[in-house]
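Here subunit A shows up in two complexes: once beside subunit B, once beside subunit C.
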Partner chain A sequence: MERLTLAATQFTPLVDFDYASRALTLQGESYPENAAEFYRPILSALREYASDGAQSGKTTVTLQFAYVNSSSTRSLQQLLTLLDAAARDGASIEVRWLVELDDDVMTELGVDLLSDKSSLSYEIVSR
Partner chain B sequence: MSWNVAHRMTPESSEREIFSYSGAVSAGIVGATGESLRARLAMLNVESQRARKVFSSFVELAYNIIHHGEPEGARDVKIVRCGSIAVWEAGQRYHLRSQSLISAVNAPPIRQRLQALRDLTPEQIRFEFRLRLTNLQYAADDSPNGGAGLGLLTIARNAAEPIDFELSPVPSHDGRLQLIIHTVIQ
Partner chain C sequence: MVRIGQLAIACPSLTPHHTCVEALDYFSSHPAYDILPIVDDERPVGLITRHLLQERFSRPFHHELFGNKSCSRFMDRQPLLVDEGDSITTVGAVAASDSRRALQDGVIVTSNGKYRGTCSGPVLMQVLADMQVERSRQVLEGVRYASRIQRAFLHTSNENLAEHLPRHRIFWEPRDMVGGDYYFCRGDQDRVFVAVLDCTGHGVPGALMTMIMSANLEASIAEVDSWHPSELLSNINRRARAALGQRQRAQMDGAAEQGSDDGMDASLVLIDRRNRRLQFAGARLPVFVSYAGHDSWMCLPAGRPGVGYADTPDDTEWPISETPLEEGMRVALATDGLFDQIGETRAIAYGKARFAQSLGAATGAGLQDNFEETLSRYRQWQGTQSRRDDATLVMFEV
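Then we have the complex of A and B:
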């Protein structure tokens, strides 16, 4: 699989899916008009990754958002549900949800998105 | 809500206007106006938690105009939808008010969603938000049961009091209705 990288824009986060080092990073803003369209290739890559050797080592997922709109929230739910299913199937996946110290909105969103993902190892880190 | 939102066109003298926009609403406009609003909130030293909620509700209201609004005037594909959003401060509370046209067909479900939302407690809003989030089979932001979608629920979560709204006929617009949504952030 080729490394998936997308530069951050005003509406969308930086994306870096480095298969070799088993690391997925999303960082920045997420409020595109069509979030499903933006997240589609990321979800496709994750599906391929999950069916193609995700079990052979620990995968680290780092999510750090300044702002997420409601349609992006839905896409992130899909992404984390997919990761949770892979973890249930035996993959070792660690999710880090990073928020600014005083950002209660993003902290709450992290709780909403992650608290029902029973197979994932995750932490919500304020810094 | 203590007043009729439809009759509030501009902030009163005791209020501070923060930002207003009226015109075509596209994703590019959401980005440009959103950044202007952020800069204005920073310039006014609005506490970061409040500023984030104001920005979040602003973006959801603007996308609501794009997704549910009816074209106004010439149906140019470039000018997707028209509407207005005003943001002002009164007594350390931040008010946002959006105005747009919606079709007569869209009006009943939108009224139903907004009415359902107005009756929910903050705890029920959070519960509904999580419920909607986990119901991924609903691809669009339309509710299967008359409840609000994630966008409206996000606005409600940010709000200090129930969302107020008004739907009124606009005689000169072919049966289309004017939708006003008013939300307050503390």
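Then we have the complex of A and C:
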């Protein structure tokens, strides 16, 4: 699989899905006009990754957002549901949700998105 | 549809048998033309630009060396050829994506493969730009009209607010003229129902969602036959999921890849004067209330799932909370646009805590000052940052 990288824009986060080092990073703000369209390639890459060989080592997912609109929240929900399912199937996945100190909204969003993912190992890190 | 043929100028052409000097003469005798089509037996074979030819012949010895040679030496042998029937938009798209310099140098227009004329780069660019401006203007006009409709649709709620909660202030600011935020008010002798909805999306898709959700809210009120906030949320949830066909998708991998997965956040408040209580139910949006003094505001938290989404089950219930109703108490309902706004000084969200503090900042002030102070602190936080979302604040005094 080719490494998937997208530079951050005003409306979309930096995306770096590095299969070789088993790391997925999303960082920045997310409020594109059509969130489903923006996240579709990321989700399908993740599906492909999960179906071949996600099991063979630890995958680190780093999510750091300053702003996420509601339709992007839906897409992140799908992304984390996918990861949770992969973890349930035996993949070792660690999600790090990074928030700036004092950012209640992003902390709350992290709790909201992650607390019901029973198979995922995750931490919400405020710094 | 404008066709490129309409823009073509049938300027005279030369053939590859003409010399460079003849090509230079052509430009001197046709000052209006900056490109010269080279045509062989009615078929265009190249394009010479004034700029390139004159630049070359300003070099030493070019006249002596090339003056009597074929002008084809200095022509672009692969100019962009387009058919007179092609639309301008198509030509523009091809020209822009083409590695040839068509947008600069221009294109040759053909009719059944035969030379018909040329269209210069600047003319093509100007026409494309004008079309773009016109298209944007039409879209903008449509959105402006939609904004009138959306505002008009708030009018019944405005009347109810005026009648049943005369001391109220509203800040309703869609980010893009129309949006996904909406407020709603109905009342009778001893009850007032106030709701603030924040639908997925903003702009036109958001505005469409407000139409769907407010229709569902009205239908739910009729069906439930009460203004019970929690029952209404459950009822709207069922209706919205059915209306948008989102029930079927709930089972699918959490993914509604093609179909819609839209819904809303909402806060619903019932002022019940007869039973002297305020009832509240919220889906991801809290309500803030304060009693005498208004320096400290209490947040009644919302239930977790959003309303209407594919993965919000039909039997979802949102918790109801209650607080005593007192004369003079104040209530504030707001949407995410306020809480989530990124700040100028710190690039993080404003947050509910800072918002709650801002509500209590104007101690002892009247409702108007309380409202203004809240908004002014929010705007101060935003500073030069762009608005991320639609924003609504409804504040009233009982």
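Quick notes on this one:
Just so we're on the same page, the second predicted complex is superposed on the first by the 127 of 127 C-alpha atoms of A that agree within 3 Å, B and C clash if a C-alpha of one lies under 4 Å from a C-alpha of the other, contacts with A are read in each partner's own complex, and residues count from 1 in each chain.
Heads up, the rule we're going with is that a residue touches a chain if its C-beta (ideal position, glycine included) is under 8 Å from a C-beta of that chain, and two chains touch if they have at least 3 such contacts.
Note that this is a predicted model, so its numbers are computed, not measured.
With both structures placed on the common chain, the touch criterion links A:40 to subunit C but leaves subunit B unconnected.
Within the superposed three-chain model, A:113 lies in touch with subunit B and out of touch with subunit C [touch as defined at top].
Legend: residue contacts after superposition of the two complexes on their common chain; A:123 is shown touching neither subunit B nor subunit C. In the overlay built on the shared chain, the residue A:74 is in contact with subunit B and with subunit C.
Shared-chain residue A:18: touches no atom of subunit B or subunit C.
Judged by the touch definition given at the top, the superposed model places A:82 against subunit C, while subunit B stays out of reach.
In the superposition on chain A, A:52 contacts neither subunit B nor subunit C. Shared contact residues of subunit A, touching subunit B in one structure and subunit C in the other: 31, 33, 36, 67, 69-71, 74, 77-78, 81, 102-105, 112. On the side of subunit A, the complex with subunit C involves touching residues 29, 31, 33, 36, 40, 43, 66-67, 69-71, 74, 77-78, 81-82, 85, 100, 102-106, 112.
Those residues of subunit A lying in contact with subunit B across their complex are 10-11, 31-33, 36, 67, 69-71, 73-74, 77-78, 81, 102-105, 112-113, 116.
Note for the complex: subunit C touches subunit A at residues 198, 200-203, 253-257, 261-262, 265, 304, 306, 309, 311, 336, 339-340, 342, 346-353, 388-389. Residues 27, 30-31, 34-35, 48-49, 52-53, 55-56, 59-60, 63, 66, 129-130, 133-134, 136, 139, 141, 149-151, 153-154, 158 of subunit B are the ones that touch subunit A when the two sit in their complex.
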